[in-house]
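Chain IDs A, B, C and D follow the sequence of writing; residue 1 opens each chain.
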Amino acid sequence: MTEKNSCPHCGALKHTPRSPELKADVTRRINRAVGQLNGIRAMVEEDRYCGDVLTQLAAVESAVKAISREVMRDHLETCVVERIQAGDTEVTDEVMELFRKFM
Amino acid sequence: MTEKNSCPHCGALKHTPRSPELKADVTRRINRAVGQLNGIRAMVEEDRYCGDVLTQLAAVESAVKAISREVMRDHLETCVVERIQAGDTEVTDEVMELFRKFM
Amino acid sequence: MTEKNSCPHCGALKHTPRSPELKADVTRRINRAVGQLNGIRAMVEEDRYCGDVLTQLAAVESAVKAISREVMRDHLETCVVERIQAGDTEVTDEVMELFRKFM
Amino acid sequence: MTEKNSCPHCGALKHTPRSPELKADVTRRINRAVGQLNGIRAMVEEDRYCGDVLTQLAAVESAVKAISREVMRDHLETCVVERIQAGDTEVTDEVMELFRKFM
């Protein structure tokens, strides 16, 4: 049985919990992105100009990328460092897989 | 005075309203992306594994891109065609600007 | 029989030839990108630091994107406008397909 | 004095030289990308259809991304693992900076 916050593939835990600051910042960013998406849904419904809708969609995409960067930075600084220090160098495969998803 | 759904820069209206099908589909996709973001916020809060959080963030980014493509397709098929047929070929500058934002 | 510079799918010609300025600029940019790639090949061969190699690869990717934007701008301003003015509004499908490739 | 293949910023060497296989593969890929760019320059010169030129440019962009992934994988498996094992956990900042450049 794996724990709730473990990796479903390898069973690895996130040993170092996220800091309250990181959680607060990610939550704030996600809330803002949700607000942007709700605004876009209204713009589409009200037949607002496509160019403006697309500009807002590009802004959401940038916002999501910024969240990803923040989570990735924490991932590298905690999980990746810890696993390499523990001798598990195969974590680099996982980083590559993530890198590929965002590239 | 410009109308509510006009372009704030050039005053151009979205002459052809979005179809009910497009609105329903974009709404459905936005609702799903909002649901994904809410799920990610919970995952971060519960210290779920970073790799899983990042995979979900990549999925949201893809979902937002898919919405952008759908709005862009409608934009090209309606506004852009109409403006070019009306002799306003400068709409190509706007398409380039949007293209740049998503590239 | 289609002409050499026509679209292999639809037979459409590039009716408006590229300007000498555009050709010169694209040629200059491509030559520079080729020079960058040759430099990267030498860096890899000489075991130069990966971070520097990757920074140069990111620069080449940006350079290629800039060329694509330039060709796309010309495409929109000539082929796309001309085909829409000639009543061929299906060119928007092709623009979407290109948009998808670069997104 | 830093050695030729060291990082200009931190002086770190690429301690583990690239394998002959990696060098051969990157060289082959770069040569192919250069060939593609030379082909595109000719297509532009000959007024070949923009859509075809853009499709080739998108292919070059993908090819450069694939080279970047290959160099990144080697970087993670050698430099990054070695530096973390040597206690230099600040290498994660550099990985983040690279990640940002390609995202």
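To be clear about the criterion, contacts are C-beta pairs under 8 Å (C-beta built on N, C-alpha and C of every residue); 3 or more make two chains touch, one makes a residue touch a chain.
To keep track of the chains, here are their UniProt names: A, B, C, D = Metal-sensing transcriptional repressor.
The structure displayed is predicted, hence computed values, not measured ones.
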- The assertion on subunit A/subunit C checks that the Cα superposition rotation, as a multiple of 5 degrees, is 180
- Distance from the mean Cα position of subunit D to that of subunit B, given in whole angstrom: 32
- Whole-Å distance, C-alpha centre of subunit A to that of subunit B, is 20
- Task: Note the residues in subunit B that touch 2 or more other chains, in rising order.
- Result: 65, 68, 72, 102
- Determine the shape of the graph in which chains are vertices and touching pairs are edges (line, ring, star, complete, other). ring
- Note on the structure: Full set of chain pairs in contact is A-B, A-D, B-C, C-D
- Query: Which part of subunit D faces subunit C closely enough to touch in the complex?
  - Reply: 4-8, 12-14, 17-18, 22-23, 26-27, 30-31, 33-34, 37-38, 40-41, 44-55, 57-58, 60-61, 64-65, 67-68, 71-72, 74-75, 78-79, 94, 98, 101-102
- Note on the structure: Within their complex, subunit D touches subunit A through residues 65, 68-69, 72-73, 76-77, 80-81, 84-85, 89, 92, 95-96, 99-100, 102-103
